[in-house]
Amino acid sequence: MAHPDHVADLDAVRSGLDVLDAPPAPTARRPGRRFARTVLPPLVAVVVAVAVWQLLWAAAFWPEYKLPAPLTVWDEFWARVSDGSVFGIVWTSMHRAVIGFAVGVVIGTPLGLLVARLPLVRSAIGPLLSGLQSLPSVAWVPAAVLWFGIKDGAIYFVVLLGSVPSIANGLVSGIDQVQPILLRVGTTLGAGRLAAARHILLPAALPGYLAGLKQGWAFSWRSLMAAELIAVSPQLGLGLGAYLEQGRSFSDMPTVFAAILLILFVGIGVDLLLFRPLERSVLRARGLAPA
Amino acid sequence: DRATGDTGGSGGQDKGAAAEVRLGYFPNVTHAPAIVGVDRGLFTGRLGATKLTTQTFNSGTDEANALLGGSLDIGFIGSGPAINAFAKSGGTIKVISGAVSGGAQLVVKPDITTPAQLKGKTVATPSKGNTQDVSLKKWLSQNKLTDQVNVANLDNPQTFDAFRKGDVDGGWLPEPWSSRLVVDAGAKVLVDEKSLWPQGRFPTTVVVVRSQFLAEHPATVKAVLQGTVDAIDWAGAHPAEAATAVNDGIEKLTHSKLSQAVLDRAFSGITLDIDPDSATYSQLAQDSVTAGVVKTAPGLQGFLDLKTLNELLAGQHRPALDAAGLGNG
Amino acid sequence: MTMTAETTSSERSTAVAVRLEGVAKTFGDTGRNTGTVVALDRLDLTVAPGEFVCVLGASGCGKSTLLNIVAGLDEPTTGTVTRDTARPAMMFQDSALMPWLSAVRNVELPLRLNGFGRSARRATALELLDLVRLSDAAGKRPHELSGGMRQRVALARALAATHQREGERGRALLLMDEPFAALDAITRDVLQAELQRIHRRTGTAVLFVTHDVREAVRLGERIVLLSSRPGRVVAEWRNDGHGEDFRHALTEEINARLREAISTHGTP
Amino acid sequence: MAHPDHVADLDAVRSGLDVLDAPPAPTARRPGRRFARTVLPPLVAVVVAVAVWQLLWAAAFWPEYKLPAPLTVWDEFWARVSDGSVFGIVWTSMHRAVIGFAVGVVIGTPLGLLVARLPLVRSAIGPLLSGLQSLPSVAWVPAAVLWFGIKDGAIYFVVLLGSVPSIANGLVSGIDQVQPILLRVGTTLGAGRLAAARHILLPAALPGYLAGLKQGWAFSWRSLMAAELIAVSPQLGLGLGAYLEQGRSFSDMPTVFAAILLILFVGIGVDLLLFRPLERSVLRARGLAPA
Amino acid sequence: MTMTAETTSSERSTAVAVRLEGVAKTFGDTGRNTGTVVALDRLDLTVAPGEFVCVLGASGCGKSTLLNIVAGLDEPTTGTVTRDTARPAMMFQDSALMPWLSAVRNVELPLRLNGFGRSARRATALELLDLVRLSDAAGKRPHELSGGMRQRVALARALAATHQREGERGRALLLMDEPFAALDAITRDVLQAELQRIHRRTGTAVLFVTHDVREAVRLGERIVLLSSRPGRVVAEWRNDGHGEDFRHALTEEINARLREAISTHGTP
């Protein structure tokens, strides 16, 4: 065993380090460390991915039209950025997705609550929800056009049919995992049906519900991309889905890749800025913080 | 320093007849020669021991990608995707024959009778930058209507639905959709694209082949072309039967068929012909610049390779076709 | 199988807070062939209004099941339960705090559910936390508390649940399942005294499950012993004597009876 | 209060009923009851839905082409059934979906485990997974066709890009909700990293993981539908996605509706026959059985 | 901050099973400004091989934290922990059974993790369940067990974790956090005797947290009293006398000291 004094010295150093490590109060250093921990690794991952791509391309395994050069894609991307059209494209899709998702949450949450808590409703429409989830969005496009016309209404219809079942199902499985003892506690504390849902069921199911919301967001976003293919017209504006389709219909791989990257960025951004912090705070508050 | 493509140029040597040839087309009237040829066994008859595998597509882009990806050897495809694929891939594919020409119209609501009445209205085309889109935009600019007409890009079936619902006022559409709008939805023809081209001919469907396949298996390509010629000849001799045969072929592939009225009208609008209308491609490429969908016209040098076709024609004592300067030189 | 929460003033309902008659509870096989468990069988028990009844019994004899049935959380398989009180407040065997709420908000929860205003809520909750000696842990989440601290928060919460708004009918009933099991002797002492004080002051009827015979003798006005397999009342004592000696004797007697009750069964 | 004797009588009757209700041993009656509880309600829901549809149609609010008659759809459906082609269609899609999903599980599970347990991996590729989830399947179709050709390979590529991120994300959020005490128990019982994953982490995360699998299945199924649109050929066969597209490309609403119904049926069937029983048994075993 | 699991035979490591020197543990603020909690501070404690040490202390004084540190589950903020035993088996304060495993499979789990064969596993597990008087609940899931039954399953599981395969080095160490808190007096009696028997037979060192002074006096060879805020060893007794009287006197003394230790602090 090491000499005690020496150990003590080392410990002093280490505990000194620990003080830096475990902030006793939110210090100014925090944002920097946080950046290093949350933003840097995905950035590194992206850089590595691009490097591999560049290598693959440089090795010329595949002809250019099969795998465009990163630079070509970047040029296309940058052209969209520098002429400003990228902001319009992202904004068009983003605001639709946000509205569609919000409406999906407003409809899906009570629906999920009903399905989870009323056995009859569960067995009647529970499987239907799962069935609807597996219906591809394109299936609804003809009906949407006929019923709602080439308007935003048709797009929202398709998006909602994608997001609502998924959000509802997420809530159902979140609720299914709630410890029954908490509900019994609620009853003895005087919670009625509604109060129990509001004060016990929903907060208790929150971690699972959040997971469902995340998947629901992915569903609405994908459905939106499909819905945006319905029509490209000045009234509807050019969204990400339509931009992707443009690349596709011109057999223009750089545009297709630029669109994929844009969609990825938006997805990653939403995850990093919205879902990740939400999840962290919810899990932290319950002592479930991830490793 | 990079290869232009693993299948680029016409490298590779003649390896005789292929064991298998993979043929792609659409279950659609504009692909009539392919449907008739497959259905009546005209390709297999000419191919002998070579196995024929068919694939049907819904999108020209996917079919072009399949050709570029090497999972298809010969395809009946729209002229637009063919030009695109050629330009993007640096000559990985070539057009070896025409198949169908004509068959696109601007159909509109019956109360629209002059171009000027289109102001403020919405007209649909299948997708941005495709043949009909370019034609419409060029026509609009010629009529000084650019920016006064809303151009929406919609899948043809969606255009049909949207027209019936009243969301669009017309469409520049290929067959059979222009006929469906006229027959099933009461639209009227405002412009027949035929009237805009010399002799009323413009390429709708062409036959393309992977350059490498052509170099390695010219005999097989020739056999498929022979089958195409047979199909077109037969259809020319029996127009009514041909229409029915196409409809039956479509039904076999998709469980759905066109009504007789639509079929007849659509068939009368198209011409089955092996002539690829070589002279029009440069114009088509130029038009897309005029219409503002691309900035520079793609170079089409080497787009056409009519050698095999001309050999065939020579064998039948028919006049050779000219590549209008887009051949291999 | 009938659960009647009567408030009509018949001659009996004024006399009891809770009456169980011939109550039995069988836990069915849930499909894995482990057979059924008869937790309670033909159990009769009455709690008078304002009475403090302690329940003793071997581990697994059905004490928690009994409380659940009284609270109306489980239905008895057979038998009747009559309750003439307001909704009973219950303190569960495991503290079962809401993991997303801090200690003080856990205590506030019943007040909130019963419509108390924000400031009244906070004041009462802090008072109760002070009572259980946890004023300085008010802001902590359950996972940051020690086992005994969690139990004390649960105690404060159960006490908060007995608070009634003006105009609420029925007298309070408090069901407690080994509330002091995780506490050191001194804290337990203090809280026993507090509980007794509250019981005397508010006239709340208490049904109190414990394993500590001396605790039962200290707190209970009546002590009930359950047998195990099936749970049934096998002995009852009125704790109406006085002095250290009486208590000691009673403790000894109960201990002996408990040992006997447990050893007559194969498994304790 | 009611007369005691009377109450006793009533109780006898009720407890008699209860005995029927709470089966002391698995009896022969059970399957019947189960049927009544799980199959009947969705059936009733379907019947009600069809009735409403028929009414709407009969009221002739909308022209026939906007809302086909239930009977027309049924005719189309029945035509497919009676000529036997429906079985081929469903089988083609089904076996691809099952294979794709199985491979997705095999890849997604270790991936999810890594993301959940290694903070570095989590911050590096966690957001990427969510980003990938929100990429519509059609985005991959051109690349898939170019890289893999018109083969099953292209289809599986698209399906995997849909299912893997979703399954991995499901597992991650399942693991995040595991009580840390269980992992500490595992450590003191002598579990190493791998053993802990196998014997504690995965079973503990099972309810959340199952929810993720369900969403993952929906994702693979939808991606499959998109992938099947690429091409129809004898080798590839006609799947549900292609069948739907056929209806779409003819604006043939009865076919579109028949395809939607078929996809719904398959989705509901998979839910009822696979996920529901799995969920029930997992939740039951933990005393979390749904109400 | 150093955790050394030594096996080299220095003169000291043969003499101790566990040695804590100047151990402190501070729980940091997790971002909600509730301030830091100093749970342990400059704590020194040694457990000799095969020794049975009982730890007493007020609720929330840091006993569970101490066990976690000894088990290597938490790192001390400062100080050194030396352990010369095999991996310690621990019984947590809340039973923390795996909810998806039946009772017997919960007990089998440590055996499985340590590579015992299937039949040996099952036999040992059933034996241990019999020891805790739960043979006929072997097939039940945790949620079907009463609180005391769960605690007994956890006890059996902890005992199973002390089983070592042949060739495993180090003597066993058993850490127990209020293992009998939820048990009735009789069952507790029986299990205390069993535990003592196992301790004597196998020479397992035991660190035993309890709130029951009499239990500590009955079981412990040494009894350690922790103060609270911060937790530190404030008194120690060797339980080396004999007879009922010695025990009674010791109990009284410890109780008095405990009361004193607790009342010197603001909150118990």
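Going in written order, the chains are labelled A, B, C, D and E, and every chain counts its residues from 1.
The rule is simple: a residue touches a chain if its C-beta (ideal position, glycine included) is under 8 Å from a C-beta of that chain, and two chains touch if they have at least 3 such contacts.
Predicted model, so just to flag it, every value in this text is computed and none were measured.
Enquirer: Can you list every chain that touches chain B and also touches chain D?
Expert: Output, common partners of chain B and chain D: A.
Enquirer: Can you name the chain that lies farthest from chain C, using the mean of each chain's Cα atoms as its centre?
Expert: Relative to chain C, the chain with the farthest C-alpha centre is B.
Enquirer: Which chain pair has the highest count of C-beta pairs that touch?
Expert: Ranked by C-beta contact count, first place goes to A-D.
Enquirer: Suppose chain centres are the mean of their C-alpha atoms. Which chain sits farthest from chain E?
Expert: The most remote chain is B.
Enquirer: Between chain A and chain E, what is the gap in Å from one C-alpha centre to the other?
Expert: Centre-to-centre distance between chain A and chain E: 45 Å.
Enquirer: Quick one: report the Å distance separating chain B from chain E, using the average Cα coordinate of each chain.
Expert: Chain centres of chain B and chain E, defined by C-alpha means, are spaced 82 Å apart.
Enquirer: Once you find the CA centre of chain A and the CA centre of chain B, what distance in Å lies between them?
Expert: Taking the mean C-alpha position of each chain, the two centres sit 41 Å apart.
Enquirer: By the touch rule stated above, which residues of chain A touch at least two different other chains?
Expert: 62, 65-66, 141-142, 146, 179, 229, 245, 248, 251, 253, 287
Enquirer: Do you know which chain C residues sit against two or more other chains?
Expert: Residues 30, 33, 94, 144 of chain C touch two or more partner chains.
Enquirer: Find every residue in chain B that makes contact with two or more other chains and list them.
Expert: If we look for residues of chain B contacting two or more partner chains, we find 61, 65, 68-69, 155, 157, 161, 164-165.
Enquirer: So in the complex, which bits of chain C are touching chain E?
Expert: Those in contact with chain E are residues 27, 30, 32-34, 37, 56-60, 63-64, 93-94, 133-137, 139-140, 144-149, 152, 177-178, 181-188, 190, 211-213, 255, 258-259, 262-263, 267-268.
Enquirer: What residues on chain A touch chain D, complex-wise?
Expert: Contact set of chain A toward chain D: 37-38, 40-42, 44-46, 62, 65-66, 116-120, 122-128, 130-143, 146-147, 166, 169-170, 173-174, 176-180, 207-208, 210-212, 214-215, 217-219, 221-222, 225-226, 229, 241, 244-245, 248, 251, 253, 256, 259-260, 263-268, 270-272, 275-276, 279, 283, 287-288, 290-291.
Enquirer: Mind listing the chain B positions that touch chain A in their complex?
Expert: For this pair, the touching residues of chain B are 2-8, 61, 64-65, 68-69, 81, 84-85, 88-90, 92, 122, 127-130, 150-155, 157-158, 161-162, 164-168.
Enquirer: In the complex of these two chains, what residues of chain A are touching chain B?
Expert: Listed in rising order, the residues of chain A that touch chain B are 60, 62-66, 141-142, 145-146, 149-151, 229-235, 245-246, 248-253.
Enquirer: Could you list, by residue number, the parts of chain E that touch chain D in their complex?
Expert: It comes out as residues 68, 71-73, 87-90, 92, 94, 96, 98-101, 109-110, 112-114, 141-144, 157, 161, 175.
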